[in-house]
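Dropping a structure here in structure tokens format, bear with me for questions.
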């Protein structure tokens, strides 16, 4: 839906954002220590354009959220009779995420397929997703771990976004070409009262997209991954392969928690202090690298060892998910799992090697 | 380690000979004494009996001076000065006291937290130079000299402040004198008070206490008393004519500073030791010592003669026997 | 039921059953009136008091915590209070690192007969807590991010004495590396594998290498990019023979693992080489970004090769750069005193590997200096702000060579249930405290926790603080002696450096 | 869970300052509490019956009683809930008397605090689990360490009770300090006449195995099953052959061996039987003075010994004994008076200790019972006794009263008059402690019948004066400085713990006080038990004691052992640590820190894990804190149970 | 002798002041008398030192501060050294003198006059001038014959300085005394 394009001069960005975000909490990248994270943005605050260390998925799918509170209530006449009351009110405010990249925004699309449009609509996710406008910034450079162009995503991909901003020009002459992707995006963009982007600027934006795409291709030509889903299944029993792949994995959760598409969660109940009669049910991010992931009540875990857990992560993204979702890969090639990994485990290498030479696979 | 020297006021007056002999003996032993620049009086008993902070301030001024001169230890010959300086340093650990002293001084109190250590010249000699080194430098042993070592009451007490030697039965001066060749007599009153500065105001006290000390030295057969304190020396020597002798039997008992005997043993000329400034003639002691040596030599000679005679007799006997034997064989 | 508003503060006591609980009883029998604030939890022994209980209480809103046991030598279990004394003193010295006033925590000894003493202890402690007032909560502290706008965690300048930076000429290095490879090739047949480094996803990144076949050995690299401490992998090879390549600092972790019997001396072959220092990737990245006028639109660049030239790290490729080593080398390397591995089959390599500062004058790490320079309030704000972005990925833990519990870490277990999955500051910080306390006397300050953190939280400072405490209290340094007993697994009847706290 | 809460008024003890019904009411709202009521006296018969009834009526599976300290009535109420069919560990107490009602008068604050304590108890109880004790066999033998009068009494009583006794004595003869005494107060009967027969009984009792000149080297195991290594030190004489004839002593040419039995008043031969009544009456060689050892030649004793018992090449031997209980009766030593430089610090020959004086008085002593001055052998006419030498003196770190010195000093003063009728004795004392049967009467006799001069005050200094000693002191009753010229000065040296006592305590895993005396379990109610099950105390090892008290404790300890052994099997406390093998990573840190050696290695599917030896674990919980994974948990005090209490207070 | 009413003679503030200023816990004294036993000057005391301690425990301020003993104490530390309860008795005696001086009670005027003469000399010169002290003392007390017998013994020894040894920091010393007096009057 490329109905119209607007132009935001560099100096106008903060003002435009204020207008677009009217009535919404804006989340924008902010430097904290040596990391860049999404944080609520104050009005008038000049936004940071750096790519965030952590994707903005937590805005819609929080690291830990209370699903409901449970309150035990005693029968005043018989303390032995206790009833439990649930309070599932969730306070969700309209929000706007600014400054994510196409790979970040496309993450929401991966989530949508599971929590919004799947067989079970998740009310918490749905409410936040629907209340949140995603304003994405197109990429102008190819990072060394970027491989979005392998996965169906790209430096100017609009999947999951409501508005796409493309930086054009430079210095004081620079600005952004803003294109509404969705109706909602259009409405929000309208609020900012911006001039239309002229053809030259629209072309410039296209040129930026093309240049970045070319740079990515030059850095690492996209391999043919059409056979990957089946190849990975064939690799399922190749323990040596997965051992080699996972040797250096430390089983931490950095890759999954930095991933814009990882959507697994865990549920725990916690008691409140106070009178001891209240508690809450929490949903928090889970991580398939952890030994606790899918651990059964007996203590047994069908995915014994880090090799099988890493197999799950790669398999899920490049085989199981695409098989359920029309071939859509649940990896956007953002590369954060590679840069964020303390030992540089490289998912690209695993996918390529699994796809390539599997002739010797015993279980093929 | 740099050693600062605090002479004490009496060294400029009544204990001149202590001061002179201390410097002479230290020089002979290669101990360098750096006077605290422009040192002042520690206030002695009159100050601490009036107020502890005042006493602390008078002492602290000198310790700060030593620290500024780059010294980490202060040595003083006088036990009263020693006691005041050490007590001041000891109490300075208390924040309140330090602040109080600080208010009396020109300089702010921050220097007071880490004052240099304080020790007596006796401690310096015994611990720093060491008895072995001293023994090796003795050129004129004090042979035959029987001495009663008198340390004075505050050189070692109270023990937790002074932290030197046994508070009741110190032996460092005994050991030093023994190393010099003197004979130390058993003296039970090593740390019993002589009456201190009460000579002027309450002569009766000094007369009795010093009398007891001199009497014990006399009874123990000492030729002299050896002291490490100007006040003790004055009470025992100058006031010897005033004391009450136990049993009424007065003798002439020379009273040396230990540094004088040390200097003498090391071969320092008497003139540098101020022996002539003692009231009771020191020659008395040396004379008695010489008598002992002479008697001993006479006895040894007699013994040797006797032994020689015995040996000769034995040899004669053996000769006789051998002769008899030979005769028999023949 | 809350504490009585305006009257009481929340004061929690842990009392051993045999002495102090009895002492409190005796005080009661003697009708010694006491402040009502204290709530007593009875435990069998002060040795049962996990310092984490204290932390849990203090982070959870207690205004004061008091632990009391039997007098030293008088423990019902003969040694419990000796262990308690070490643990609790260690905790007391650690609390200020979190911005918690150490006066809010006190431990003491009261016997069953000392009713009067108990009254005095309670009265003076509660009075002290009242003087301090309500405990400020870390989650309510004003965030304090010094230099945040510059994107810098607080780094004071490195203080001398520093190790000079001098790298061997390329030829020397290659010869040494080949020597090392030879040793490994020779040993490989008897080993499951040998762990080393190879080039990672680009020339700027190394990655661990698991050598199983002789040809794998060719991939082995050596240089300033070998940042990982490979000792971390050793415990998982239990009962298998494995080799590992170490830098000087890594060797200390191996020693620590051997000491704790988590690695069998017969099962591990250590290969080492004198180390000239490694880079701090965060610093490298930041230095590269600083040159990026566009506000680091994209953080990564893909260099074609990286090497050391004189005092510089030279990066070739699309965006060539010369980085002063002094700017990008890891802090720990500038203050390193063990450039040559302390054990194993060592290639002296660059024989001129410069010695570091003398071990008796351990330099103060800059991040610790920074923490020291903050007020307690700033420290609370600092940790609040830093922990806010923690993802609870536990990379810090999993990269730590001494975090041997791994799958059984109490941070994630329900029994015992120390932390919840709540995403708040308290729970996140609590884990960092667990990590630091569990590392007391074991941490070699390899810095893997901080290096591994994907969001660069300066968690190493907590361990550095703890190490300083351990050094001061017990004259102990981890990872130098295989046969040493770590201080918290031992005690002394008379503790040289622990003074009784007057209560 | 279904929890019942019972809040006790304890008459007005609690009800006076706590709103007891109000607390019970508040508790009703607590989680899992299905029943809550107040009760006048929970521990009374009707109070307990009400608890039993409520358990049945409301199907309770856990009970909280809020009343006095659990140290008082926890066992009571545990039995109560057990009677009602619950496991005894499904019970918690909230101490709202000693910790609440008795220490404050603010009713509002007290009630609030009481309610919180109840809530903490409820939160803990919710995580309690039933625990069951284990039973195990007992080795019915006892080790007695120390053959003084207390150890002898304990050994004889146990042996008479039919159990085997292993008696270990450090010296070459039993008898201890009492064997050195001449007479005993207040009856002035002969010490060796009353002790001698008991010593003989020890040597002849079929149930007693005596190791003299031996020391306990190592102790492992636990109540019912200890393993003890005893080092039998070399005597250089084969005691199997030695008949105690004493010929060797007569002929021994080296006569300058230190005479320890006679407290170094004089010297003895290098081969020696310490005294005629020694048990065992066997000779022993002192290798530090024996010519054979020092010079490498002599061999006189070997030549003269009629049975050929001399063994110059003998070495120490370690034997291991299995026992089920241990009685320590290691006694005391005397204060080293040389710390008092003002009393000569050992330099004055006629300033002696009370025990040395005892040897001078004894007919079997070095002077044959004639009191003579060590310096010149003259009979002293003026004897000064100085009390509290090393007692009641903080400056030498002996602040305690040794208890028996007053009495033995009076006895020695009396004996002095008996031995030397024209003598006069002075006793410098601070207070006379004569609180035993006939004790006060005895000291009065010393003053009234024997003319002993008691001077209230301390002695500041002893000054030699010619061949006498000027004792300078004070008579505080006169308020004057006084002095006595004395021929002999006897120092009433105080008692201190036996040398090596702390080291033995560490082997036994029992506590000791600042002065090295062993700690009893409870100063009043468990005076001979220690906190280590199966280890008992007798005599002065626990603190200074006179003979009657020591003998009484010896018998008491024996009674405890006999009582312990009267049960066929013992039950272990289930409040012990337990390892979750799934969480254990096998680092062994718990094994390092366990003070009892109660945790051992175990192999499980090729991996090493920790395992708790149930009967050895004492339940301190040091391991639980040591274990980083929390894999080893002290039952009844698990992390989660304590956390529940913390959370009840601190999370809001 | 009158019956002593223990309640009315007891001055708790005084007890507290002595404990505070001396840093010694008077309750530790159990009246063994060892301080008296070893006191070299006891023969000259009007109240023995252990009785001073007992009177302090009873809070009898007048009795203690009016005693001559506190002025005759030689500060030899025998009492401190031998106290079985680690009380620094000599320091207590010192503190009693401080309090007595503050309250203007001096039972042995000669002693304090000599001390004052000594301190005046220090204040003036920075170091003690011995002849000056004696002269000052004689002038203040009128005891003109003091030690006149010793003059012939010492005069020929050349030890008595005819002139004071002033120091550069004289003013500094004087200021110490001045500040001390200011503090005292405050």
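First chain written, first letter: the chains are A, B, C, D and E, and each begins at residue 1.
Operating definition for what follows: contacts are C-beta pairs under 8 Å (C-beta built on N, C-alpha and C of every residue); 3 or more make two chains touch, one makes a residue touch a chain.
Keep in mind that what you see is a predicted model, and the values were worked out from it rather than measured.
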{"item": "With subunit B removed from consideration, the chain sets that still hold together", "value": "one piece"}
{"item": "Chains touching both subunit B and subunit D, listed by label", "value": "E"}
{"item": "Reference subunit D; chain at largest CA-centroid distance", "value": "A"}
{"item": "A-D or B-E, whichever has more C-beta pairs in contact", "value": "B-E"}
{"item": "Core chain by centroid distance, with centroids computed from Cα atoms only", "value": "C"}
{"item": "Separation of subunit B from subunit E, taking each centre as the mean of its C-alpha atoms, in whole Å", "value": "27"}
{"item": "Subunit C and subunit E, separation of their C-alpha mean positions in angstrom", "value": "60"}
{"item": "Rounded Å distance between subunit D and subunit E, as computed from the means of their C-alpha atoms", "value": "50"}
{"item": "Subunit C and subunit D: spacing of chain centres that average the CA atoms, whole Å", "value": "44"}
{"item": "For subunit A, residues that touch 2 or more chains besides their own", "value": "273, 275"}
{"item": "Sequence positions of subunit D contacting 2 or more other chains", "value": "119, 342, 461, 582, 647, 649-652"}
{"item": "Two or more partner chains touched - positions in subunit C", "value": "1, 60, 406"}
{"item": "Pairs of chains satisfying the touch condition", "value": "A-C, A-D, B-D, B-E, C-D, D-E"}
{"item": "Complex contacts: residues of subunit B adjacent to subunit E", "value": "9-10, 12-17, 38-41, 43-54, 57-58, 61, 100, 103-106, 153-154, 157-159, 167-168, 191-193, 195-205, 208-209, 238-239, 241-242, 276-279"}
{"item": "Residue ranges of subunit D in contact with subunit A within the complex", "value": "2, 28-31, 33-36, 58, 119, 122-123, 582, 647-652"}
{"item": "List of subunit C residues in touch with subunit D within their complex", "value": "1-4, 7-8, 10, 12, 17-18, 21-22, 24-25, 27-29, 31-36, 39-45, 47-51, 53, 56-57, 60-62, 70, 73-80, 83, 87, 112-113, 119, 235, 238-239, 260-262, 404-406, 408-410, 413, 415-418, 438, 485, 488-490"}
{"item": "Sites on subunit D touched by subunit B in the complex", "value": "340-342, 345, 347, 461, 463-464"}
{"item": "Complex interface listing, subunit C residues touching subunit A", "value": "1, 60, 145, 148-149, 151-153, 193, 200-202, 204-208, 210, 228, 232-233, 282, 286, 294-303, 385-386, 388-389, 391-395, 397-399, 406-407, 412, 414, 420-424, 448, 451-452, 454-458"}
